[in-house]
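First up is the structure itself, then whatever we jot down about it.
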Amino acid sequence: MNKIEAIIRPEKLDAVKDALAEAGFVGLNAVSVTGRGVQRGVIQQARGAPPVVVDMLHKVKIEVVVKEGDTEKVIDTITKAARTGNIGDGKIFVSTVADVIRIRTGERGTTAV
Amino acid sequence: MNKIEAIIRPEKLDAVKDALAEAGFVGLNAVSVTGRGVQRGVIQQARGAPPVVVDMLHKVKIEVVVKEGDTEKVIDTITKAARTGNIGDGKIFVSTVADVIRIRTGERGTTAV
Amino acid sequence: MNKIEAIIRPEKLDAVKDALAEAGFVGLNAVSVTGRGVQRGVIQQARGAPPVVVDMLHKVKIEVVVKEGDTEKVIDTITKAARTGNIGDGKIFVSTVADVIRIRTGERGTTAV
Amino acid sequence: MRQAILLRLRKRFLMNTGDTAWVLASSALVLLMTPGLAFFYGGMVRRKNVSATIMHSFMAIAIVGVVWVLWGYSLAFGPTIGGFIGNLDWIGLKDVGTQPGPYAATIPHQAFMIFQAMFAIITPALITGAFAERMKFSAFVIFIVLWLTLVYAPIAHWVWAYNADGTASGWLGKLGALDFAGGTVVHINAGFAALAAAWLVFGRRKGYGTEPMLPHNVPFIVLGAGLLWFGWFGFNAGSALSAGERATSAFVVTNTAAAAAVLGWLAIEWVHRKKPSVVGAASGAVAGLVAITPASGFVGPIPSIIIGLGAGIICYLAVQLVVRLRIDDSLAVWGVHGIGGVWGALATGLFAGIGITVWARPEGISVIQQLGLQVVGVAASAGWSFVVTLIILLALKYTIGVRVTEAEEEVGLDLSQHREESYTEV
Amino acid sequence: MRQAILLRLRKRFLMNTGDTAWVLASSALVLLMTPGLAFFYGGMVRRKNVSATIMHSFMAIAIVGVVWVLWGYSLAFGPTIGGFIGNLDWIGLKDVGTQPGPYAATIPHQAFMIFQAMFAIITPALITGAFAERMKFSAFVIFIVLWLTLVYAPIAHWVWAYNADGTASGWLGKLGALDFAGGTVVHINAGFAALAAAWLVFGRRKGYGTEPMLPHNVPFIVLGAGLLWFGWFGFNAGSALSAGERATSAFVVTNTAAAAAVLGWLAIEWVHRKKPSVVGAASGAVAGLVAITPASGFVGPIPSIIIGLGAGIICYLAVQLVVRLRIDDSLAVWGVHGIGGVWGALATGLFAGIGITVWARPEGISVIQQLGLQVVGVAASAGWSFVVTLIILLALKYTIGVRVTEAEEEVGLDLSQHREESYTEV
Amino acid sequence: MRQAILLRLRKRFLMNTGDTAWVLASSALVLLMTPGLAFFYGGMVRRKNVSATIMHSFMAIAIVGVVWVLWGYSLAFGPTIGGFIGNLDWIGLKDVGTQPGPYAATIPHQAFMIFQAMFAIITPALITGAFAERMKFSAFVIFIVLWLTLVYAPIAHWVWAYNADGTASGWLGKLGALDFAGGTVVHINAGFAALAAAWLVFGRRKGYGTEPMLPHNVPFIVLGAGLLWFGWFGFNAGSALSAGERATSAFVVTNTAAAAAVLGWLAIEWVHRKKPSVVGAASGAVAGLVAITPASGFVGPIPSIIIGLGAGIICYLAVQLVVRLRIDDSLAVWGVHGIGGVWGALATGLFAGIGITVWARPEGISVIQQLGLQVVGVAASAGWSFVVTLIILLALKYTIGVRVTEAEEEVGLDLSQHREESYTEV
């Protein structure tokens, strides 16, 4: 099984999660993060302080654990839904998950995904 | 070493973290997430808007990194403490950690866990 | 590619992220977590309740995905910037990332890091 | 000596410090309602639109605060042009001094003026709930200037303008429609402007009906409701323009109706939604305050309980109706202020004079007749507000545009309109 | 002519606009205290219980707001039945008009009534801190109706009720126990009701003593304390029922005692806990405001400093004591309001008449005697409140239940009682 | 009989309930400004310093609340020592009773005293924005006591102290410098104290100019601005010490100038920064309120618009200037209060008497002369404040230290100074 972590623009969360559901991937979790990437931060100024480049921008990280074979489909779905074509669209990281357990039933492995 | 990520009901955090400590696993970290799973969301209505199924529910994700051999014990401990038997109890993901470093001392590997 | 997760003191975030940028690692994301470790919590008392050891302390988790070869450099950079020498400095976990995708371009693998 | 006493007495009877203190205090209270509203609304929107929503109310204070002094007051309360609008005699507050004026014998004319300014401030602020989370800031600034001039000033004039001799000069006031503290001028007016905006101009928010748009901060909503309730004592009891029996009576029924409306709203919500909600309690309070507004100087405590209970139930249903019609009146302005105002206006016709001794119904006007007059008042203000608001907004829509782009809406108004975030992360 | 002057004068001396303005303003201020309390308490609870905690205070406004008008005022202030409780002559505010009433010669009777309503509202709201984070909402609604009727109304009557001729009719008032603005009626009363609830009915919250239950939002606590302080000027200085020397004196000592109490609380906390906390500062302020309440019309500035400093220290210790006894009075109602009220009542006996010229001690009553009377007042109100509250709550406990289930408590009251979350994620 | 009437009349003309009601209400309003400021500042700092920032304002209430009664009022308003400072005749409020005093004929002396207390409270609270996020709490406590005694009391005396016969006794007042409600005493004073602190004592925060230090909670800022605006009616209109024409006029120009200043600030920000911000709107409001303060009893509505617009623009530029100079006046106290106060003081000289009928310029003083007097007032208060504040802070710096350690600053003042966090996680 694979874990797919996608760091996306916060405003794309709805689109991504709807697209995933449509593609059959219901299970996921999301968390607010701040991130820094190629995207240049915006210049912000607090009332009494000099303008500063805010390089850590608000993003959302979603995590989806899926069966090996679904990985590409999920990557594809996320990429399409989250893309604006501008810098700052985010990244997807794929890693291996050794086991999955459903707490309610104790089921393990792919059936628990 | 393994990383055990458990997505649990927020109200079970205390129980889980106490159970883990009792089982000898002190180190862990936790973060608020919102998640979607088999559990149907609740229907919510904002004052001026139609009722909508809120499918992203508040959960807590805890992460525990342990020695290979402790994995099952941790899974067991979490499962027991977090289970209510109802849909929405959450999931546990297990993955491999290549290395652990304790920042304070620079120790590495299993001694740093 | 490797994913380096570092759990650090919140007040060290600025130092760590600046040090990483200087070392050439711009991409990263950060999230607030609460964590428990060797560090004894502080004793806190709410107005009407007994003093309790608050064992879950506020930390920041940063995640950096880098090419295999950069791993040690990143670990080193973080360790140096985040260390105070006192208990509670935090930990770093290293794990393998199978693939990275840049959402904007669809590029994959090390070029996408 | 006696001469002197009489003179001083006369002066004292003309200008009364207690009345002035109360009207100034009331003006401050009503001013505070607008920041209160900012939180009431700000708590209800999503995180990405909080500051922008709050800004709408804050801008109402700033813009109307200046416009009112420059020309708004003159248009609304100045010497009448045919009962329809004031002329520009009092432009820039010319001749609006600190001696008692035509509107109140015991307080400075300017005290009346500034008290009225606060009403003129909150009314457009109320409307902003209808186009929350999607209004373009630059268009909003222009809208509020036009709206105050073309909608608020005339309707206020119809209902509340007086001649120098102390007789009503606005056509609705002359007719005998009763509105003690602004049921028509403020609430029906704002409510129907909101309906025009939400229904015919703005369209629905992206994600309406599919994405949850839950209040991001319920405590803020209650903070807002609390400040509104507090300020409303100035709104209603201040409208007596004196600190005596009338003010006291208005104060009492205001509190009672609001309390009853909370119970009414929660009762129907408990049945319908299975749980009474905190947002519901806050909404009920506002509904009750709206409904008692036109009646507050005309009824006693028992009718105020009926008015309040009715407001809670009726406004709850009205809000559900708008949702059924899939009109995205985002923060339910029409249901609470429009319908709450209509209910209050009609209830005023029904209950005026009951349980109150400081005021008596005008003789020779039956309940039915009074109800008829109230209907005229409702229809006139609702109609004018709906139509002229629509014209203003459509004119803006087809010139500079009133709605942000889809991308801006997704990102949120805080960032897209003001380049700032309401809260920092980490 | 002279006749006419005299007549107008007499009328003016009867009804005074300045006094009325002040009492109305004070009523508004005291109303605002309850939303203030909502934030004071709401900031102290955990995230999952915020809205439900705020709701408790808000419901106090709504429920008591109606009950007071219907029967509460009559029971508390109506013609006495043996000095123990009012009869139902004034039910639904019958005969409570806008002419000056028996309680104040220069303001409308209804102004006095609504001012008192605000006291009746905040008192049960204060109690809610004792069972915060575990009270069942439906039971709470019933509790508040019963409590107001069976506990608040009698105690208010004992202390503050008057005959038509202006002599005290309640037995405690007749006795000569001094309570200017509600030390016994409001604070001791709420404090001992809280003790009964926390100690003998509700039991401890799940996780008490093992899980941290830290305030989720300290700024909210200070916001609440700020609004309480602000509103307390109405509470104490408004209790003069006129805008003159007495009100001014009460205003001054209120501010001074509160300030001193902050210093007292922080000083002992700095020693005991090593750091002065912001929650401590807010708590100290409330403790000082509580303690000065009964004394506020009877003492001058210097005694008020002593009362305030004492309150800060004594209440800090009282709160620690409750914790030692492992009674889960969750938001420290007994320590702050109960003990603060007792200290204030006794201090009133000690210091009454010192540093103040507008009022003098009743002749022929020594300090010791007065202290004795104060003890009687404390004991009577604390005792009645404790016992009757206990009976009400136990009756509810063994019928519909007063505490949510363990699962509901874990999930939090916001979701389990109101199906809404206070804040949205992401 | 006639004798009796006259007597009662005289008493009534001496003590006026309406005036007293208004001054008490105003005192409450001004008290509320300090919690308002706590939020205005608290919203602007980073998450880790929120409670500590709020605590600064709260401590100002507590400390000054006691110090003022003990010796502050006597030093500031007591019988003069050479026009420079009051003597200690009124220590502990000795002889400051509830009969009308030398400062106002129709209200109790203590009412004037407590009204002034609120000014003395907020002034040092304003300064705290200059050293926000790095001040050591223990040093702050001492600072505020010294500052009130050595800086505030003298300057207040210079400007506002009177002899028993009702003539000015402070040297600036005698000279004829105009300051209706505290432009010099409060705002210039706080602003230049802030400059001394930020520029010459504290140095910059760690991360200044490299790390973003964005407001952690914009709604809190607006809440603060809203409460400040509300309270400022008491500040300015209350300074009339009566509820009549003067108070009304001050009320009107206060609102108008604040509104205009929001527009001024946003206009220049829109041009300069491309987007109008919500923090800008709130800042503009405060700037306008500051600038109108000294002028509020002396000008009419139209000049107030000019003063407001000017304040918005000038203060915006002043804030930018401080940033250019890389002085870390963290929450822009000098730019808003110092420069806003200077602009207001000069504008008072320019516009005094225009558009107002209740007051006329002193005869025989030309605009140029008055401007000269205003410059003297500005220079004297700014100079004294700057120098003496500097001395106090340097003395503290080289003894107990005024700044937290670098580690404490990194961790944040909430944890390091008060061992509590403002918000809980999860």
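The first chain written gets the first letter, and so on, giving A, B, C, D, E and F; residue counts start at 1 in each chain.
As a convention for this text, a residue touches a chain if its C-beta (ideal position, glycine included) is under 8 Å from a C-beta of that chain, and two chains touch if they have at least 3 such contacts.
Just so it is clear, the structure is predicted and the values come from calculations on it, not from any experiment.
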Same-residue or different-residue interface between chain A and chain B, half as cut-off: different
Interface with more contacting C-beta pairs, comparing A-F to A-D: A-F
Equivalent of C-E within the choices C-F, A-D or A-F, defined by over half of its residue contact pairs recurring: A-F
Gap in Å, rounded to a whole number, between the CA centres of chain E and chain A: 51
Chain B and chain E, separation of their C-alpha mean positions in angstrom: 45
Geometric centre distance via CA averages, chain C-chain B, whole Å: 18
Mean-CA-position distance for chain F and chain D (Å): 32
Multi-partner residues of chain B (at least 2 other chains): 10, 30-34, 44, 56, 84, 95-96
Where chain F touches two or more other chains at once, by residue number: 5, 9, 16-19, 21-22, 25, 210-211, 214-215, 217, 223, 243, 273, 279, 419-421, 425-426
Touching residues (chain side chain A, partner chain B) in the complex: 3, 17, 21, 26-31, 65, 95-104, 106, 112
In the complex, chain A residues that touch chain D: 10-12, 14, 18, 32-34, 42, 44, 56, 58, 84
List of chain F residues in touch with chain C within their complex: 48, 207, 210-211, 407, 410-412, 419-421, 425-426
Interface residues, chain B side, partner chain A - complex: 2, 6-8, 31-38, 55-56, 59, 61, 75, 78-79, 82-96
Touch list for chain D against partner chain B, complex: 44, 129, 208-215, 273, 279, 283, 319, 322-323, 326, 328-333, 335
